[in-house]
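Both complexes below contain chain A, partnered by chain B and then by chain C.
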Partner chain A sequence: MNVSIKRMSAIFQKDLKDFSRNLAVSVVIFLPLFIAAIYSRMGVDSLASHYMIFNMTFALTATYVQCCLIAEEKEKNTLRGLMLSPASTADILGGKSLLSFVLTMLIIFFSAVLAEYQPANIAIVALALVLSSFFYIAVGTLLGLWAKSVMESSVIVLPVLGIFSFGSFAVPLAEQYPILKVLVYFPNHQLFEIATKVELGTAIGSMWSHFAIILLWTLVAVALTVIVYRKQTKD
Partner chain B sequence: MVLQFKDAEKQYSDNVIFPSFNLLVAAGDITALHTNVNIRQQLMDLLLGTSTLSNGEITFEEKSLSAKTAGIGFFFLESGYYERLSVIETLRFHHNLHNSSQSVDDVLQSVQLLSKRSVKAGKLNHSERKRLQLACLLLQNPDFYVLEEPDQNLDHESKRILFSVLHGLREQNKGILVLTGNMESAVTLGTDVFRLDDKGLHRVETADEEPEASEEPAIHTEEEAPLQPESLQPVRFEKIPTKVNEKIVLFDPPEIDYIESSEGQSFLHIKGEAFPSYFTLTELEDRLLPFGFFRCHRSYIVNLQKVREVITWTKNSYSLVLDDAAKSKIPLSKTKMVSLKEMLGLK
Partner chain C sequence: MENIIEVNNIVKVYGNQTAVDGLDFNVIKGEIFGFLGPSGSGKTTMIKILTGQLLPTSGTATVFGEALSQLKKPEVKKRFGVLTDNSGLYDRLSIHENLKLYCQLYDIPFSAIEEVLDSVNLKEEKAKKISALSKGMKQRVVLARTLLHAPDLLFLDEPTSALDPVNTRHIHKGLQALNAKGTTIFLTTHDMEEADSLCDRIAFLDKGKIQLLDTPAKLKKSHSDSTVTIELKNEEIVVLPAGSEGAERLFEFMKTDQVATIHTNEPSLGDIFVQMTGRELA
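After this line comes the complex of A and B, so read on.
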């Protein structure tokens, strides 16, 4: 599979122009910033609240925006044109993910600044955030390929928003309802564990399991996305 | 750049969609295939590789067909566009996506969208959007073009642009296959015209001169016998009989808009309806000549009284526009254009 930077950047530039003129979707990315600003002004600055904002950013910018971008290509019948072009699967999926990735990273950065979050070890936290963003973008692509229209895509993204950004609240209930223990293995909780350990100054060696779990989620999501995409190419 | 159908055959749950046929589309040809919607969609799916033939094969440059690698460009009837991107942005995007060697400005010039370059695609009208689609295809610059109903619902200007672009491509030795359900556009666009239906593939004659000579004697010998008793009739009776179910319906020649021949049967078109006639086109031509009818094409006779306009698409292709409710367009072949001009007293 050959990757062409020129094609990927063509798709990225096209998406950027298209996205900036599509207010219905682009306005969503300001929501996490708004909440981050309010929280910091209210003096809420626990690690849990920071990560709730980050997880919300993931769900809204990575998953929702990506889902809408893909669903729109599908609904407007332009995805067929891309699929018939010489661009490879990696070019198309990579190019289409680039915009949501850049946006997610920007929003995370600015909401961290607004919420006055200063991690003890920026490198490890950044690595965890980047890895998580891959997972959320892959989920967005998958849902976008599944959805039949932009309208539908904004509905099916809601469970993702619910589970991954507010799921952490249910973790304390796991004592009472053993089934909720599953939530501990969700990428959002794993990310939070990493952040907690970083603040406690734990050695990096004890965090590998968390990274591995997030990586596993990401790989599964990417693999599913590629399979669904290939299937779409055939019909 | 040769696209070839070898004994291609498609059946779908006991229904024959099209029986086995052979067709070769070479570079430098514009082959028009007149089909119904079902066959057209089937052929598109086959060329895209999303469906397979029941029998036979489709080859491109002697190799089995796979649309993505083959260098075939598709002009879809229903194609998507990025409504929030302007014309020039759309073209630049396609230019980069296809690593195109064509210049964006040249292409913009050839589809005549220069004045609309910064208008968003969503704000263009249908014809302009089709021209934008054509421009994207030109940037892609494939060796072989497959066009699906290219001139459907296009305004005159866009149609003319489409024609000249296609003739330009032909001169660059590109292969072109046009799939259409409209005989008029098949005949005006194509250099080779075929009809594909559930009975098979038939060539639609477009050349005016040569085949006529071979057919003429056969027709005349049949005609000789009935002609003699007719001349004995005391009253000259000038109505054209047609068959409607089991009845014979008679029409006055001035009522007829035009006559079209299809599958060896001639049809009289009157107020948007077609009536099968008992006679061949050649016989009808002889009978109707005194009423101002004119054989404008091998498969068409037109009532000159009803002609409102003569459209020149390119130097070699013309259409007549009639004055009826549907503004029907009839192909006019190049040689007949000369004699029409003479009849009109133009030189």
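After this line comes the complex of A and C, so read on.
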């Protein structure tokens, strides 16, 4: 695979400038911080509330922002310019994902600080958060490539926001509605399982299945994204 | 003479509509090759095929000797530039910031920006945001972006369609200067004057097929009716036929000092197109 850090960095710098001037989208990323600050003042300090904020960050920053960035490139025909340049698929998709990744990690970090979340094992939690962010960014890219406009992307991202931010709350209803058992295998729930086991002091060896499920979701999302992107390179 | 593009029996079908229908042509290194035809004649489809954006239904083509499947290679992409009528720009960034991104993508120094902006008459406007520019200025920025990496081969799809006459002339001069330095240009247009003044050879495209292909001079000569129009000093216009009858009458007018002007009647490229297809270019 042909990867150029210089080209990825160029796309990242461009995105950073462009995003900082795009208030319509950029204000959205502050919502998780706002909620984290409110929870902190209210004294809400449960693991579920922390991960609700983190999952919201994933849905809003990693998926929604990424979806808008890609959809805008498509809508304004700038994506075609990138495709015609010497930048490879990896350069473009990697470069276009860097901003969402950096923003997601920053928002999660500051949300955790505001909500005073201190995991028992920061390395395992950080690994799980980074892996989860790859999944959400891939979903954002996929939806952005699928959407015909920024307006449309704002709509098609809503189910992701609903399912992955608040889906975990429906898991207790799985006894009553067996179809909801599928939610247990969603990456947001797997992330929560990892966080819970970390707090219980469980060894990392017993968490591998949760990491594997998130990784599987990520690989499927990345593979679909690459397939759809390659189709977009040809009319 | 080295062919930079070779096209062999290319066909492109969309559904039940044939956009290009068995095209065969070559583009010689260093020439400006005009692809002329009305909207929907297959010009843009051909550019998309030759730049790897579209796969043909059948047929083969090479660009720089590389098959169409190889056009995605970065070293090949660096050798050509593409300007289409819907090439996009980043509205919230300035002209300079837009071009800076492409300098980094093509791995060329930022100093190239000044030079290319000068060639499209936008040097003074480089700090302006794209959203503040007129359609014509945006078209010139896209052209600057296309020229930035000094490609060996330029594909220009209606490059002056949104420009006023002053800027059109400026762009034409720039393209001629670029061509003089060795850049091969593949130009699509429906502006016959533009094709006549810029192109070394032109292909007339209609309904997906090449109807004529030659130099503008030869095309005009082969479609000329060999008549001569003279304007007399009394402002009367007389069209003289070819042959001895016309020559005798011309001699008579000249002998009696009645001639103000003499013009050979060559058809314009537009006239030839209408003659050939029975319809106007639009």
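Heads up, the rule we're going with is that the second predicted complex is superposed on the first by the 235 of 235 C-alpha atoms of A that agree within 3 Å, B and C clash if a C-alpha of one lies under 4 Å from a C-alpha of the other, contacts with A are read in each partner's own complex, and residues count from 1 in each chain.
FYI, a contact is a pair of C-beta atoms (placed from the backbone, for glycine too) under 8 Å apart; a residue touches a chain by one contact, two chains touch by 3 or more.
These figures come from a predicted structure and were not determined experimentally.
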| item | value |
| --- | --- |
| Side-by-side fit of chain B and chain C on chain A, or clash | clash |
| Partner chain(s) touched by A:Lys17 [first = chain B, second = chain C, both, neither] | both |
| Partner chain(s) touched by A:Gly81 [first = chain B, second = chain C, both, neither] | both |
| Which superposed partner A:Lys6 touches (first chain B, second chain C, both, neither) | both |
| Where chain A meets both chain C and chain B, residue numbers | 6-7, 9-11, 13-14, 17-18, 21-22, 73, 76-87, 234-235 |
| Parts of chain B lying in touch with chain A, wherever the complex brings them together | 48, 50, 67-68, 74, 76, 78-85, 89, 92-93, 96-99, 136, 140 |
| Residue numbers on chain A that touch chain B, as the complex places them | 4, 6-7, 9-11, 13-14, 17-18, 21-22, 73, 76-87, 234-235 |
| Interfacial residue positions of chain C with respect to chain A in the complex | 48, 51, 53-55, 72, 74-75, 77-78, 82, 84, 86-93, 97, 101-102, 104-107, 145 |
| Chain A residues touching chain C - in the complex, by the definition given at the top | 2, 6-7, 9-11, 13-14, 17-18, 21-22, 73, 76-88, 233-235 |
